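Following are the structures in question.
Below are two complexes that have chain A in common, paired first with chain B and then with chain C.
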Partner chain A sequence: MSQPTPNPFRATPSFSRTFESGVFWVLRSTAYIILLCGGFVFSDIVIKGSTTVFRPEFPFVNTTFLTEAPESLYVFEHEGVKREMGDREFRAFRESERLKAEAAGRTAPEIKATSYVYSAGGIFPCIVGTVLLVVGSMSIALCLGVASAIFLNEYARQGTFIRLVRLTILNLAGVPSIVFGLFGMGLFVIFLDWNVSLLAGWFTLALMVLPVVITASEESLKAVPQGFREASLALGATKWQTIRKAVLPFALPGILTSSILGIARVAGETAPIMFTAAFVVRDKLPWEDLERASDFFFQGVMALPYHIYVVSSKIPQNEYTERVQYGTAFVFLLIVALIATTSIVLRARLRRRYRW
Partner chain B sequence: MPSPLLPSSLGSAEGRNPPVVRRPVIEIADLDFHYGTSQALHDISLSIAEKEVTAFIGPSGCGKSTLLRCLNRMNDLIDGARISRGAIRIRGVDIHQRDVEVMELRKRVGMVFQKSNPFPKSIYENVVYGLRLQGVRDKTRLDEAVETSLRGAALWDEVKDRLHASGLSLSGGQQQRLCIARTIAIEPEVILMDEPCSALDPIATAKVEELIHQLKLRYTIVIVTHNMQQAARCSDRTAFFYLGKLIEFAPTKDIFMTPSNPQTEAYVSGRFG
Partner chain C sequence: MADTSKAPSFPITKRRLRFFGLTSDELVQLFFRGNAMVSVLVLALITLFLFREGLEFFGQNQQNLQVYRRAGLDYVDHMRWQEQDHTALNRYLLDVRMKVMADLTGRGGLSVEAANQRLEAFDQYSIRFDDAIAPLRGLVSELSETASAIKTKYYINEDKRTERRQLLAAGRADEAARVEVIQVDFARELEPILASRDAYLAINRDLARELQELASAARAVPGVPVERMDRFGTLVVQYVGGFPQIEQRLATWDYREDVSLLRSFSAFIFGRQWLTASFWQDWYGVLPLFVGSLMVSMIALTLAVPLGVGAAIYVNQIASPTEQRLIKPCIEFIAAFPSVVLGFFGIAVLGEFLRSISGAAWLDWVPGFPLAERLNALTAGCLLGLIAVPTIFTLAEDALQNVPRSFKEASFALGATRLQTIVRVIIPTALSGIISAVLLGLGRVIGETMVVLLCAGNRIEIPDFTAGIAAFFQPVHTMTGIIAQEMGEVVRGEIHYRALFVVGIVLFFLSLTINFTAQKILRRYRQQPL
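Coming up: the complex of A and B.
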């Protein structure tokens, strides 16, 4: 039996070991804190919002909330029962009560109701408005952004001027959104006389996400192997033919990824649209009562983020407005998630088609 | 391999500097080339004969690829790259003149790159890429071009049953031959090959070399290679470059058997580079 040799690698307590595990725990806990915050925000919105959006009985979804315009809510006591009704329903109810009373030969009792603005009905016009704003502004931003990224990355001779352009783009990304809103109001609403309109909102939002789109498009153009360009040029292609056939198709998945980020921002920003495109309330949907097709672009719309802003700070607060606030926020999250999922699926498809 | 175009006197020592090339397709005269301020090529003069294989050899950074990329103006893509003196004439036309349409030049002078670079499209689409650019829509013409080009690149039998599979599903050697097929589909006069086998295994390399022998019957080929055995095996003439200068240009067997310049001798015998 030989004596076992002492382990030369035996751990000994030391300051650096303690420090090491300390650092590890600090880093780990920051990750947990972030997770906790995110989880809290999301679960709060989902839990409180779902009581507005979902119903315990068939059809399980609050269709009124999703398909109608906002209305005032009337709360009153009738025959000992506390009742809540939207504007139109309340008027119909009062009318029927009056007729019932007349038929019975009595005068109808006065219904004493308290009204709460925007607390009944739904948010359909806001959903429509937000979708229109996102689609329009992302189309503009993608066209402008991809075009300028192509110029910067493929055509331009790298020099002082291009560095200046890049610097400008980076700075543009740092401009607060309210400044974009004021700029949009000054240029589009007042100077170009577009009034508060979809078009003005589209361009303002597009300008806001442009830096994101340009930077990310440039990155994805850079990621396309130089060999594709050389091969195409060596086969006698012009520069534009090369870009269109041998570069852009392969950069598209990356460009779409970047636009997903842009979509979330465009959909969520309130400041740029509050002066340029958003109405507090509008009874007509954007496609109703258009005299000319061009009128479509020159009308204001309701939008989800602005509606949240209005119902949570511009009207008296109470238990009834809270339902609308959380419901709207929940629907809003769902819509952004839906748009993002669509683009992710599209991107995955394109990736499968063009993989190298 | 002796060429019928070569007068036998070319092989002897007195005919070498500068070598006389009959019926040259490409003539390079007194060429200086700069990347920004650094000079990459010094006073290069050589002629490339029709339907022969001309090999450029030399250690890394000697300017052989730069010269090759001058021949179809691929250097135009690099900022600050310019020819500062001399001229390259193809069939007597200075290709760096202002009125030369570079796309037309590249259709006549095709190129195969070091790293095989098929597009992530089908084999078929890869081959017809150049024809589609020229606006060819006729299905039967495209089909014919695919077959002749793939046969010409000795790839037809391996891929004829999966023309619509991705070009990237092929092996490295097949990809390189696909790139060659893509180049010959537009029927160029000259094919430039920039180290076409450096990423291939010996068997794939042998196939490409055999292909070069066949292509020589129809095309003028210029090949840059690091592999001296390859130059010896498949070229008719060899140019040895060192530090941006053309050291020696002679029929291949002379370069390898009886080099006249001591630097050439040192390089081909493996003493440096």
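Coming up: the complex of A and C.
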């Protein structure tokens, strides 16, 4: 084959061209640096955390970690073997050793163990607490948020009141979460005397995500074509009938998917629940030992984000504590990431489906 | 003629159910309107409850400062500051010694003993300097005890008084009568402190004489750089020159002087110390926390603005559609990272990572490197940058998206290259949107709690800005962090509890201001006729 003929229309290399492509490469690198940083954080936690959560043999998942309550870990040497045991197991072991020694007619040797709090057992109560917090607060936020959005989009006319409402929604979105925590503590925990409870946490978190839910719902309502409403009204339906039959059914999927992003935010926040709903440690699960049904709402719970805070700041870092630290962070990140991915994917799909 | 007064009957009639004079439709509307009110209500309630819990702080702080003066702690502190100045000068000498020592043993190749020997004259000089303060130090510690005792006595009395009031309120008058309340007579209690003035003046005179001698001898000390000792001499002269002022202040000091509410207010806003549960005196000054928040946010924005805006420009203007579809969700995904997980990452990985990098030889020229602490403003700032990036990216990308297509087309039609179009047309048009994106990013970063609580090092101190850029590598504490850290361990209604709420108020209004400014900028841009 002969040499390919050079392209006669090829751009002549010049300084400005090289400069341009140089700048573009710099910009491209910024985008990829961000992805790299995010990816690094994510993979570090996933890789180190998965050794705690997953097992090489059947059932492949560390069921103890996912289904039991946190315990102290005892590390000790016994008869030349290094052992690690959870609190209950350790006590049973010590007892059996004592009995064995007594049967042999000598005093049991003292077992010298180093203990690490929260490093054994699992995080089941935290998962349960987080799920309860998310479900409750999102129900409240969705009711309030969707109703507000309906008013703003369907009923409201331009006016001072609406401007005020919109302004407050925008500003509410920027209020730091710790301020919401203080507010929840002042109003729900102290003034209404609910103490540190599920209910106080629900309302604090719900009010915190309210702006997100309102904005998301309004966007979905706006996406429903005006013609649907006009057709319904022309048929003699009242405003409410129109909204119920001709607007909401089409807006609902959008509202729900966009609100999932709010769920991710609720699940991920620690600061608002620190003083309103979270306990450092609690032996009982929320549904155990309830005297009255209403007690369910007035009890504090353990929560994943708060547990991560506790295990990463209150206990020293070493090979024994690292497992629970990374494991908890991994499970938590996985839950939040799952929610966020669902939201992003569903939203993209929805945009394609509803196109009027 | 037909009767017109009778209304014609309408063939279709519909009776509407009415509740309280409203049709069901109006009721539904009212319900929705009520829901829309919730957000207004919440904002109002936040303000209300922050003030409800926090506002009393200023009164309590006034009381706190008043006792500080009445019990003579204020008086003793004037002397203590003098003593602390002396200690600072002593540190200067130590610093000189350390540098010289490093020089002698490092470059000079001397053994430690030989170096010590060469510095003997200097050591004698510095010991003499340190000894000069001993009498004053003794006096201060003696007076401190007296003043502390007065303060304790006062507070015990206050507690008793409260107890009696509570008993009276409960209707147990006889028990209340048994509670003994002694009125603390400050004038009498303060007598030993005030009587120490003559002793103090005598000590001060001796100290001044000694220091003057030392100052003039500073030049002649062998073995250390003359210019540093000259500087030391001038510093000592300056320090001695301040003595008459201190004496003057002590002479005019009056325990009866009242502390105004304004003073309590300014002690909070401009106070350089946040010191709680101390044996001597509690201070609630927000300045170190504010500076800490600001520094961490500055680091975060320095990292996040170029990255976020650059990525937004790239994705919106330059990237191919496939790349766009890939990058955008990924960055949105970063936004979903819970901050507490990032904080944990900072503790477990990033802190150590940054410190090991800072120890590298080729980074020696950076002041403050290698990092002394694993957790510092830089560690927290880096992670906060990662939090701010998605916010800035998304909003800036929106702003770029909103630039009308025709602008770009017109620019191309005039023969501009892509880079020229982006720099001269697209970015200026979207600039206000980008600025408001950066502001909203700042709001997000300032309000972030968990990362700074876990990674900023939590040292309540204004960083030493004389160290230049190295100030950014020191541990700091932030406004959000202090609330999260201390709220769990304070007594409800106490001054410390209220102080934390006031910090919350500051934070609340700071974020409102930032947010409001961002909206304002955005709106002005939208109203611009295009």
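Here is the rule we use: the second predicted complex is superposed on the first by the 323 of 356 C-alpha atoms of A that agree within 3 Å, B and C clash if a C-alpha of one lies under 4 Å from a C-alpha of the other, contacts with A are read in each partner's own complex, and residues count from 1 in each chain.
Heads up, the rule we're going with is that contacts are C-beta pairs under 8 Å (C-beta built on N, C-alpha and C of every residue); 3 or more make two chains touch, one makes a residue touch a chain.
Quick caveat: nothing in here was measured; it's all calculated off a predicted structure.
With the C-alpha superposition on chain A as described, chain C and chain B fit side by side in the combined arrangement. In the superposition on chain A, A:A92 makes contact with neither chain B nor chain C.
Shared-chain residue A:W240: touches chain C; no touch with chain B. Of the two partner chains placed by superposition, A:L36 touches none, neither chain B nor chain C.
Within the superposed three-chain model, A:I47 lies out of touch with both chain B and chain C [touch as defined at top]. Between chain B and chain C, more residues of chain A are touched by C. By the touch criterion defined above, A:P225 lies against chain B but remains apart from chain C after alignment on the C-alpha atoms of chain A.
Chain B and chain C, viewed from the C-alpha centre of chain A in the overlaid structures, lie at an angle of 110 degrees when rounded to the nearest 10. When the two structures are aligned on the shared chain, A:F250 is found in touch with chain B, with no touch to chain C.
When the two complexes are laid on top of each other via chain A, the two nearest Cα atoms from chain B and chain C are 8 angstrom apart. Overlaid on A, the two complexes show chain B and chain C touching the same residues of chain A, namely 238.
By the touch criterion given at the top, residues 157-158, 225, 227-238, 241, 245-246, 250, 354-356 of chain A touch chain B in their complex.
Taken in their complex, chain B has these residues touching chain A: 72, 74, 77, 79, 103-104, 106-107, 110-111, 113, 115, 117-120, 129-130, 133-134, 168, 179, 182-183, 186. Of all the residues in chain A, the ones that touch chain C in their complex are 16, 19-20, 23-24, 26-28, 30-31, 33-35, 37-38, 41-42, 44-45, 144, 147-148, 150-152, 154-156, 164-165, 167-183, 185-187, 190-191, 207, 210-211, 214, 238-240, 261, 264, 267-271, 274-275, 305-306, 308-309, 312-313, 317, 322, 325-326, 329, 332-333, 336-337, 339-341, 344, 348. Listed in rising order, the residues of chain C touching chain A in the complex are 24-25, 28-29, 31-33, 35-40, 42-43, 45-46, 49-50, 52-53, 306-308, 310-311, 313-315, 318-319, 327, 329-345, 347-349, 386, 389, 393, 417-419, 440, 443-444, 446-450, 453-454, 480, 483-484, 487-488, 492, 500-501, 504, 507-508, 511-512, 514-516, 519.
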